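You will see subunit A twice below: alongside subunit B first, and alongside subunit C after that.
Right, the complex of A and B next:
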């Protein structure tokens, strides 16, 4: 049919831009939802246990800010779900059999929990018992966290597809093992890393707002007590984030060596690979330790992955991408032959099928036009990684100092620290966005690692359509973000609780 | 015996039910479309917004879950319709995005765009949401302009499996007036449901008689259009798929035949329609009757559920292609694998539990209707 022609490359760029834009905006609001839900639930628990009205008022204040932020997180999330269909239609069919399930489960298990109990939390103070109210506050946060679980399962599967098999008759990957998809270690690490980083962001947000009050000598008791709860929450979160980040590093080295090579700007591989702090400043051997937990661990560079091949930590010989691309083309050709002959010439079809099965692991490489296309944007993975790690270190330090001086009752004496606490909020957002940039940009050009590149995943749309929706989203989300920040700062400024 | 075919039917039944729940829960949109016409002053508008404001998240969540469940069970629809009818779905999404923030933002200091802008967002969503969703569902009966060719995945420069054949990307659906009629049916139904819901939820002597009059005003166009659509449905030609060869062809009186072949669905449909009418008529006749939303709401769920099952069962392609009938989507050619449907079916067993806690939580905060006094005293309000 005549309109079955190729897709304009500009559509791919704009669809990617739109996904990046909407995902980036969504991730501005979600970590605060996740983080504040823990802090406010802890505070309400203290109220429940002590009966002290101070804690009720304090919890309610943070819940109010939670509410302002929550709605916009929900609004930006809607687009992300449907965008898989609207802009990534091949993707939706090619892996929908696996990818759709976590999204559906997220709706059934998590979203209803969240939206039911948030109503009780906000409207139920004088209508339900204290115990039921406390349970509702925790369940609201649990709903949000459960939803993070399922969407991160879906994302982890895009980084490390597992538990499926390609079916040439239906032309898609089909799920073979639900538990492998839902509970693979990659997902477990990613979940705890992401969620604990969100708790950290929420804690830093509480700390930042509280420091602002202290600098103005307002709401002093509320601010000091909030810092106490948030600093401890934040420190625990920092530890979990660091530990799971280390685990994620190993996962990436094992399953996404190109992402690691790009994040380190590593052109050639080596043992005792050095870690680059900034270009030109290197610490010998540290990258090998981070990637393999072994000083002598071999870390492949971009050239090994593309052209030369290498030996992985288990001693297996890994072929270069050029060889994989060749096999990918063979898989595509065999697939085509099978589809052409399966109804009319069963013998030929069987032969084609056998040839396909032999090469199908490299099917996705068949869509890659040249090896260099396999390199993700290096600067956009190298720098965000450093920003993320550096920021997280600074945040941990600030939280530690705040916790220490609060304990000694000297918080108000160290105004520089209060300033640092306030500005930490920006750093937390920077770290959080950077983390996702590393994860998502580092996976390029794959939509699903080794399985489906973005150019074979995209919908066939006109460039102007996608451009139009891109700018509509840009305008709407930016306007809403400005409104949200102003509403939030107003609510913070107006709050009086002595 | 749980066969692949059974699982397909089971998931179509579930997705249809979720779709039906979305239509019912759009009473929120129906009510919001009347913020400025029903609410004569600030206090009344706030009553309306606060009344729907405690329910909008259920509508939104059900819509999202409907999307997720449809994706998981019939991914080819997800990829074909959402990418093809791009503009219809995008407009629906935009209107729901605006709605989601508007409640929280409209009454807050520093909201940049001003209270009335956010309220207009609610009105826009209140109109566009039901009309567009209704029109989109109309294409389930009247077809859409697409082709599906999975062989393209064999090309190194792969193009899209599903392609739309008009540059209008979904907006061409309005060219068939019956799609628009269904959009308007849904719109007026949501307005009726919205008024019935507010009657039950807002305890206010001034608004109540006004709401009763509004039920009548919206019921007239709803009934006329609904009956016209049902008449059209019973006589129209429809698409039919041969279960053995998979060949799609036209069949006279297809949906009438489906109604006769599926007696349980017919009964569901009739009971649903009667319940909708009972809720409306009783509300109009008895000035003390407040429970119309329960009857009409449950009736709406049953009616829409039946209609959607009608469109997918009995060898009917639920998403027919006008461009290439053989590309039409059927339950069998668009569904997930047997393994995935089975795994999802096990997960679906948890749904009654979810419904139970929703019901319990709703009851605990909703036993009394909202009053002006409560709004004045409440700390958390929109």
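Right, the complex of A and C next:
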């Protein structure tokens, strides 16, 4: 491939690393914004219902921490959009309005909603009615959540492209069904899984800070009551995260079987497939249940997907990747032929177009050199999945114990639990980041599943320019993170509940 | 109508004036936006595809269709 081979593989690696770095840092700020917005809104609701000033000052404290995180994190996601235009120009053009529409809605509707009501939330105490203030607090969180919705719709479309048609004349995907794009089950499950995991992280953050106060015997009432609210919020979020995670697992088994196989290190498929806890320790049948909700459900392994083919849960025969690659090459050749002849030889062009339409579902496979290139990095998919699930389990247990001992009035007696609650914050971030690593590393080599691999999506740039911006971002984001931690810890340290 | 607008402006002005720790955060936001849009966007993140939509289409098609 003359043109694509002209791309230095190092450019691809650095562009991917840069995107991963930016997305990873961005995702440090976002889940705390989403999570804290719920906890602080619940606390303000209690104030609204009871009129107790204690809850007002408590809600204001958590709003202050929310404000710090919001200010430091705001607009960090825009850098990802810079990268689309510069580092991933083929991709940006290829996705057309499919990606642009959700992002535009996110920018116009959700961001403005969020930024309008956040002003009322911070400036409006004692200036607007309690009801209006409470509504503003909830709407601030809702705006942030709606932002997340549209971003996750765009991301889900990349994982399971639907509701569009590729136009070989414009070389763009054109939206045919907005509702299919916006409300496909893949997006719905991903949204609820991601957002509920962010609520969990926010709840754990509140618990962690509160435990820090209790370990120092400071702000005891505020800390204890905050733990009570956050533990319940966190436990409910854990349950939603687990349920939606299960649904997402089914989606992945259906639409991204290679990701599932990599996340399980499953080389050969089988019925009653075992779930690997760690290498060498397996629970029989559990993977089949998780992937198909059926103990006898067949889960394809890497070899089936690449070389042998398999029968999916609906009884359809799925071709191996080797056959898809053949069709992909035919689609690519037909695309080229159509582009070459469309102005000069209409009959040849029509024949090429028909051939292209016949095989376009496999277009991306035309860029795959060998079947093994379709295997994502297994260790980087397998281990983060386990870290995510294990961490979520530990977080659920810690929250349950904190809730239980708070109810019994014995929280201060169990200092080990307070330490566990405090350190859980790190575990929540680890789980949150791991989830995205599974989602994004697991779908490699695809930028858009089956349609465009990353080697075709990337721009032809010099390695030095991508390296330069990589390190620039590393410095900027690290500086922002340090600023966040310093300002946040100062605010926590200095807080004295009235 | 005018009174409403005046009230809204006063609401924001008083809000900004009464900020304490918020001033530092606004400073960080402004520096960040300047770095992003005044430096990174201008000097490091120029769109790779240039020209009219037809030119861009041709550039991408050439890259994708020429094995």
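FYI, the second predicted complex is superposed on the first by the 490 of 498 C-alpha atoms of A that agree within 3 Å, B and C clash if a C-alpha of one lies under 4 Å from a C-alpha of the other, contacts with A are read in each partner's own complex, and residues count from 1 in each chain.
Simple rule for what comes next: a contact is a pair of C-beta atoms (placed from the backbone, for glycine too) under 8 Å apart; a residue touches a chain by one contact, two chains touch by 3 or more.
Quick caveat, the model's predicted, so the values are computed rather than measured.
Per the definitions stated earlier, placing subunit B and subunit C onto a shared subunit A by superposition produces a clash between them. In the superposition on chain A, A:142 contacts neither subunit B nor subunit C.
Once the two complexes are overlaid on the shared chain, A:430 sits clear of subunit B and of subunit C alike.
In the superposition on chain A, A:232 makes contact with neither subunit B nor subunit C.
Using the contact criterion defined above for the overlaid structures, shared-chain residue A:86 touches subunit B and also reaches subunit C. Once chain A of one complex is fitted onto chain A of the other, the partner contacts of A:78 extend to both subunit B and subunit C. Subunit A has more of its residues touched by B than by the other of subunit B and subunit C. In the superposed model, A:240 lies in contact with neither subunit B nor subunit C.
Of 5-13, 59-67 or 149-157, the segment of subunit B running into subunit C after the two structures are fitted on chain A is 149-157. The interface of subunit A with subunit B overlaps its interface with subunit C at residues 1, 3-4, 64, 67-68, 71-72, 74-76, 78-79, 82, 85-87, 89-90, 92-94, 119, 122-124, 127, 170-172, 332-333, 335-336, 339, 366, 456, 459-461, 465, 469, 472, 476, 480, 483, 487, 491. Across the interface of their complex, subunit A is touched by residues 11-12, 14-16, 18, 21-22, 24-26, 28-29, 32-33, 35-36, 40-41, 44-49, 56-57, 60-67 of subunit C.
By the touch criterion given at the top, residues 54, 57-58, 60-61, 63-69, 71-73, 75-76, 78-84, 86-87, 89-90, 93-94, 96-98, 100-101, 103-105, 108-113, 147, 149-165, 167, 169, 324, 336-337, 339-340, 343-344, 347-348, 350-351, 354, 357-358, 361-362, 364-365, 367, 378-380 of subunit B touch subunit A in their complex. Contacts from subunit A toward subunit C in the complex involve residues 1-4, 64, 67-68, 71-72, 74-76, 78-79, 82-83, 85-87, 89-90, 92-94, 119, 122-124, 127, 170-172, 332-333, 335-336, 339, 366, 456, 459-461, 465, 468-469, 472, 476, 480, 483, 487, 491. Subunit A contributes residues 1, 3-7, 60, 64, 67-68, 70-72, 74-79, 81-82, 84-94, 96-101, 103-109, 111-120, 122-125, 127-128, 132, 136, 167, 170-172, 174-176, 178, 329, 332-333, 335-336, 339-340, 366-367, 369, 455-456, 458-462, 465, 469, 472, 476, 479-480, 482-484, 486-487, 489-491, 494 to its touches with subunit B in the complex.
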